[in-house]
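As written, the chain order gives the labels A, B, C and D, with residue 1 at the start of each chain.
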Amino acid sequence: MDGEFVVTRRVHFSETDRAGVLYFAHYYRFMEETEHAFRRSLGLPIITEADGREATWPRVATSCEYFAPAHFDDELELALRIVEMGDRSITYEVEFRREGRRIAKGRMTAVYCTTANGEFQSATIPESLRQTLEGAMNSS
Amino acid sequence: MDGEFVVTRRVHFSETDRAGVLYFAHYYRFMEETEHAFRRSLGLPIITEADGREATWPRVATSCEYFAPAHFDDELELALRIVEMGDRSITYEVEFRREGRRIAKGRMTAVYCTTANGEFQSATIPESLRQTLEGAMNSS
Amino acid sequence: MDGEFVVTRRVHFSETDRAGVLYFAHYYRFMEETEHAFRRSLGLPIITEADGREATWPRVATSCEYFAPAHFDDELELALRIVEMGDRSITYEVEFRREGRRIAKGRMTAVYCTTANGEFQSATIPESLRQTLEGAMNSS
Amino acid sequence: MDGEFVVTRRVHFSETDRAGVLYFAHYYRFMEETEHAFRRSLGLPIITEADGREATWPRVATSCEYFAPAHFDDELELALRIVEMGDRSITYEVEFRREGRRIAKGRMTAVYCTTANGEFQSATIPESLRQTLEGAMNSS
């Protein structure tokens, strides 16, 4: 799985902190936005249904390493790859780059779940969905 | 280093998402708030000065595992421990509990730096600061 | 209606921006937190039910004037008053103070609604709820 | 001043709340992003300098009316107009539309200031900056 999916995303004023840099927790929002742009690029809806309930992907593990700060108005490149895919979960890696130089790297593992009233029930990723995700990454 | 420092923190409406749960990136804000409450409890200012510049603690690595969702208005217990301390960095672990049950666990490694104009320069943690941090954890 | 309900709320690091002050949009989150603390103080649940649906209070109008900046770690006093109450709506005013001095003033008008799937239907505020809200403000 | 400047902006998952809609405070972030895109479109830097200090535009008054909810993944049109311009301040109005239909309308008044250490000093808007802003709005 060598392909990567890249979007650019500007750092907004509201996302900086008093140290003058992109606040560390917001990197996770950037990662999720990249994941959603990736799914949108495949024609995959982000909210789906399964067994008459809404299906969604709550995160079970996330992490990020920060190599250099990002600043207001920086236009970052966010490069997403699928690094692992299980029966019920998927792990993405997102590299943050500025003018081609890596400034951060994050990971998210999300589990396919049906949901109602703020509770989740994990389920097997539907075969067609899995194939689309895997196919896109291999061919990009 | 066995002691832990505990605060309670309610989940605000603005911190929930359309799945009805505490949005995953906000856990990192909760961790930092706990760190700051810990420092405040020791009488340590959070923003200090060194060599005529502001000293601060940018994060170089963060991670979180999510075991069960948190919901609006939940009153969470956030239990912080120092798990590692180097010459220039400190690693905190924060356990998220609801009614005593662990629902998430996170880590942050922060580096002691002087800062100006959104750039950071790492430095050795001043000895008195280190002793206060270590002492508090051992005696709690 | 002369009474006011006051809470204190610290400005977190994540809520500052690169200008070194509390980011202007976050004042609205502070207002809502004050409203929720007010309702909690009355023993009123924030999420209720009506006609088998969840009842909630979406905002239809909000505003804020900013007189002086707030900074990281400031402990603000948030003083809430009900300034208007209709059959279906309520208007709160929240004054932001630091050491007794007013630094901002905001307003929120919220409409009592039942909700499902991200859509709202306005409804008449239940009589007992209205009486509790009005009574608390008059007697405080 | 009839012209308007329009950008589109998608509602992210992180910006929704447990009622399933775009959280009301985030509308203000959308407005500011539109203002910054407008300035960028004119080739105007958002952060400038004056008298050896950084110049910026803190908000002194903001407001928003909400006519219909916005939802996750909605692609909103944000239409900005300058509605007033004083010697030291500017007032923007931003209309939020979805498929051409107005769903919210907000205002922000910002004051031209020089800033240092989280404090602001208002100043007269430089003539060339004023002319660029006015010219752009009239000719669009």
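Operating definition for what follows: a contact is a pair of C-beta atoms (placed from the backbone, for glycine too) under 8 Å apart; a residue touches a chain by one contact, two chains touch by 3 or more.
For clarity, every value in this text was computed on a predicted model and none was experimentally measured.
Asks: Using the contact definition stated above, find the chains touching both chain A and chain B.
Replies: The shared contacts of chain A and chain B, listed by label, come to C, D.
Asks: Count of steps on the shortest touching-chain route from chain B to chain D?
Replies: Minimal hop count between chain B and chain D: 1.
Asks: If you tally the C-beta contacts, which comes out ahead, A-D or A-C?
Replies: Ranking A-D and A-C by C-beta contacts puts A-D first.
Asks: Going by the average position of its CA atoms, which chain sits the greatest distance from chain D?
Replies: Looking at centroid distances, B is the chain farthest away.
Asks: Indicate whether more than half of the residue numbers at the chain C-chain D interface occur in both copies; give same if so and different if not.
Replies: Answer same: the two copies use largely identical residue numbers here.
Asks: Find the geometric centre of each of chain A and chain D from their Cα atoms only, then give the gap between the two centres in Å, rounded to an integer.
Replies: 28
Asks: For chain C versus chain D, what separation do you get between their C-alpha means, in angstrom?
Replies: 24
Asks: From the mean C-alpha coordinate of chain A to that of chain C, what's the distance rounded to whole Å?
Replies: So the centroids are 33 Å from each other.
Asks: Hey, what residues on chain C touch two or more of the other chains?
Replies: 13-14, 18, 20-21, 25, 29, 32, 71-72, 118
Asks: What topology does the chain contact graph adopt: line, ring, star, complete, or other?
Replies: Contact pattern: complete, every chain touching every other.
Asks: So in the complex, the part of chain B that touches chain A is made up of which residues?
Replies: 19-21, 24-26, 28-29, 32, 56, 58-66, 69, 71, 115, 117-120
Asks: In the complex of these two chains, what residues of chain D are touching chain A?
Replies: These residues of chain D touch chain A: 12-14, 18, 29, 32-33, 36, 46-47, 72-73, 118.
Asks: Tell me, which parts of chain D touch chain B in their complex?
Replies: 13-14, 16-18, 20-21, 23, 25, 72
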